[in-house]
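Same chain, two partners: subunit A is paired with subunit B first, then with subunit C.
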Partner chain A sequence: MSRQFLTGHEVVVQACIDAGATHMFGYPITPGTEILSGWIKRAQEDRSLQYLQTEDEIAAGFCVAGAVMAGAKAFTATAGPGTVLMQDAMSMSDGMRLPFVVIVGQRGGPSSGTVIYSQQEVNLAIRGGNGEGMRIVFSPSTVEELYRLTRRAFNVAWQYRFPTVVLTDGYLLKTKQDVSLDFVGGNVGAEPLVSEKTQKNIRNIYTFEEELYEELMKQKEDFDAMAKDVVESEFYCGNEVESKKYKVESCDELIISHGIVAAAARDAVDQLRSQGKNVGLFRPITLSPFPKEELNEIVRNVKKIWIVESSMGQLRDLVKQNIDFTDFEKIPQVDGLYKPAVGIETEEIVNLFV
Partner chain B sequence: MILKILLSGDGGQGIQLIADMICRVSFEAGWHVTSIPNYGLEQRGGVSLNFIQISDKKIVYPKFSKPDVLLIMSSQARERTEEYQKDSKDIKILDIKEIEDNLKKNNVSMQSYNVFCLGMITKILEEKNICKKEDVFTLIEKKLSTKLGWEENKRVWGFSILN
Partner chain C sequence: MSKDSKFCPGCGQPIILQTLYRILQEQKSEEKAVLGLDIGCALLAWDFLPINTFQTHHGRVTATMVGFKRGRPDSLSFAYTGDGGAYAIGLQSLMWAAMRNDPITVIVANNSVYGMTGGQTAPTTMKGQVTDTSPHGGELDPMTGPELLRSINKKAYLARTAVNEIQNVKMYLTRAIETQRQGNFSLVEVLSFCPTNWRVKGPAMIEFLNNMKEPFKMGEF
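Coming up: the complex of A and B.
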């Protein structure tokens, strides 16, 4: 692990190259532009890397869909209103089970909104298509995790054949910082998904309603089977991180947050615990599939839940959908700090507990 | 130890350039460093900010609301950073307004104001044992010596560091 001074954009580009990606299609939009320009720069040094700057995000998305069908490890990067346009190709990829990989840099919305930061694209990333939202969505909290999850995105997309989103933001992407990247790990290979010779095709439209129903039920079965391998979360209550076995008894109040806000929340937990307060943090690393079992195991033992996010409640809705209160002895109170389109600092989270 | 520096000025004044130099030198000296720029939609004329943190521990969050050092290079920037001055105890404010007369008296060209400001911040970095002024100069030389106005920048640097 060598120490480097890099932006999140540079880390993403490195992760894509290390994951074996060969093609990028994109349309520039802040805060994702430097992923495209950074990839182009690398492509000029390495002729095996290909790119195309398309006329808009719709074209970029369908280029990715076409390239992956032909067996190329392709991806795109977008943000905000670009993520809206990207839904057309992503929805087709939902239906055809394409290993479509997209890095999303969330920015303030609706519409053009602001250009750097938000956490308002959670719904869009998971359920932006006209279907059931069977996508894999990662939410990295640190730049090291941004690297690891970008690499992982290609692996899970090609192994399980579900569209995969790395949901990040301009704070993580634009911050330049000291990073030590872990380059270890293998890559899942890519292969053509269609074949002219053997007339192997993928359907995108169905004549009979029952046919589509059957296909969707099979997709759901595959999605649930995949979820067991892919779902990731972290429970933090002080210096010990145990991702599998939780020390639930040591936490009265639980903060739930994701992405970079969870990094600030983690810092807040350290400060609060040093003041003797029994506070923990639950952080979904995969927003989809959601770490439902892990969440329920923890919340059944806490008195109060604090949702902290840079949105009016997109994470809260996910959490509420996934808590099963049926056999709870006592239902925890749910409160939150919802700040759409602005950042949340450690001090603000600490102040919730004064 | 954590030092939080907020740089502010008009787009084109060279805020991002000096931010890069402060961070690069601190990184080379072995510190944990984060730096995040902030600017609006304007292609030019807007306020340009950079939030820098230098620490002996890993830094988790790049933004902050209470800087230890605030550099203000324009009136627009002064207005924009007003909220960062409230409730900041022991904040050190380096305001171009306070030193402009002195800069004019010494014929410092406006293109070199950022280098002068970098000198003022370098003095703080040296005071805090973060890096040495020679290291900053080596980097400035590397980045700027082939560019227009180098002689002036070199003179301004010396003037800034000695005053």
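Coming up: the complex of A and C.
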């Protein structure tokens, strides 16, 4: 496909259209607003694209839930306090296994915080509901990846029926990049949960504790089976090493970061390696399900881990939960650069290794 | 025509639901109908009728059915809710569904209390009515939904009746469905028995319901 010069917002809208989405429900909130306005702009040319600016994020979320039950590929986009309000509908979608798709532009928190950037909605995206956090959460690092993962979000949501979040931020959404919008494979179709052909009575509230327990254990089984197909990560050991075939031994110190911070970390790895330092980057692309096996395989052979994130440790907590320390001969030291709600530049990461 | 009732003995809600189902049967519209249920006693209707039903969240059934109807415009979309779900926690979405004239039918069972949680004050609790959370009696005039929505939507079909006026329940629901078919918003509020939380039985239950007809006017608005 030809190269285009597009913002993250434009790429998200294009990805939703290319994924076959037909309905957007949304409420304006920075930095997600331009996804709503961009979709509505496109809907003026293409009458098959439906939209509604709802009265709040709660209604946007429940309209998405209703529309997907009717068999429409619907989605919403939100941020910060809106992501908090969205948990009501997302929790229902957790319980009823709805293919709920939301693009989240993280902004600084708590409260109304700041309006463009943070990596503080990791916990909210994964575990914001009153349950066990069985959601699919993608964290794109570049504008091109924002396109691919937004398209993928619809496919995995409709194939596996777990609520799916594209967790990004205002920096990436507002960035304009020279991009090639490539996506391998087609779109998963949208089937209604109830239709004229069905007669279903669907619950999300249970009379007996045991009934809910059984339902949750079934969900967990499905989630673990799905994880094998969906989990995604990248191990980067400098531009001399081609993508997946890496030498684990070649990395003494490992940076772990996600999203746009990982793009800075990637540049830092290049610089550090050119200085002769043996540093690599592990980047979870799915924050949930977390690439646990991939992480452990790499971590086993490193001396030190550096977590780098625009949060006080939401990624660190995920990493620590997923490292299987029991079979380590020597547990690596975990240090980090935690800058809640501010951006992190390549130089800052390079300077960690001085 | 229905499965076993999960409602309390004496509850008025099965009357509303069975009347709705009878209309759908007569119109051969059972397959087109989708009944979304709010949380509260409305959730007990989840397998009461042999049509598509699903539970939603407290106060969220209206927004969910707005989304459902937009996803499938040829459906008959019903939002079934109690007075708390409709007029307290869900009022914002109810008002906006009416304001936008979304072509759905909202059915409100008004029993003047929060039934599922044990009889606390509702937006429809009447002046002087004693509940666990208004031990000195309700202080406000109760919320009157159809009257409120009249002022923001001229095309909507808005009516109130009671479960002991079953002919009107049937007539109003029929008109509400017709309104939805024509592409407009409709809401029917039905005053309903709650002997469990009113803590009354027998004739006193009917007297309580009839007394509700003083602050809550019967008819179309």
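Criterion: the second predicted complex is superposed on the first by the 340 of 354 C-alpha atoms of A that agree within 3 Å, B and C clash if a C-alpha of one lies under 4 Å from a C-alpha of the other, contacts with A are read in each partner's own complex, and residues count from 1 in each chain.
Here, a residue touches a chain if its C-beta (ideal position, glycine included) is under 8 Å from a C-beta of that chain, and two chains touch if they have at least 3 such contacts.
For clarity, every value in this text was computed on a predicted model and none was experimentally measured.
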>> With the two structures overlaid on subunit A, would subunit B and subunit C clash, or do they fit side by side?
In response: fit
> With both structures placed on chain A, which of the two partners, subunit B or subunit C, ends up touching more residues of subunit A?
Replying inline: C
> If you stack the two complexes on chain A, which partner ends up touching A:Gln199: first (subunit B), second (subunit C), both, or neither?
Replying inline: second
>> By the touch definition at the top of the document, which applies to A:Glu329: first (subunit B), second (subunit C), both, or neither?
In response: neither
>> Let me test your reading of the model: by the given contact rule, A:Ala89 touches which partner, first (subunit B), second (subunit C), both or neither?
In response: second
>> Output check: A:Glu210 vs subunit B and subunit C. Expected answer is one of first, second, both, neither. What do you get?
In response: neither
>> I'd like to know which partner A:Asp46 touches here: subunit B for first, subunit C for second, both or neither.
In response: neither
> Which partner does A:Lys176 contact after superposing on A: first (subunit B), second (subunit C), both, neither?
Replying inline: first
> Which partner does A:Val68 contact after superposing on A: first (subunit B), second (subunit C), both, neither?
Replying inline: second
> Angle at subunit A between subunit B and subunit C: what is it in degrees to the nearest 10, using CA centres?
Replying inline: 110
> Now for A:Glu191: first (subunit B), second (subunit C), both, or neither, which partner does it touch?
Replying inline: neither
> Across all Cα pairs of subunit B and subunit C, what is the smallest distance in the superposition, given in whole Å?
Replying inline: 26
>> Need the overlap of the two footprints on subunit A, from subunit B and from subunit C, as residue ranges.
In response: none
> Can you list the residues on subunit B that touch subunit A in the complex?
Replying inline: 20, 23-24, 27, 31-38, 40-41, 59-65
>> Residue numbers of subunit C touching subunit A in their complex, please.
In response: 31-32, 34, 36, 39, 43, 46-47, 50-57, 60, 63-72, 75, 92-93, 95-96, 100
> For subunit A, which residues count as touching subunit B in their complex?
Replying inline: 5, 115-116, 142, 171, 174-178, 260, 263-264, 266-267, 343, 345-347
> In their complex, what parts of subunit A are in touch with subunit C?
Replying inline: 23, 25, 50, 52, 54-56, 58-59, 61-72, 74, 88-89, 91-92, 96, 192-196, 198-205
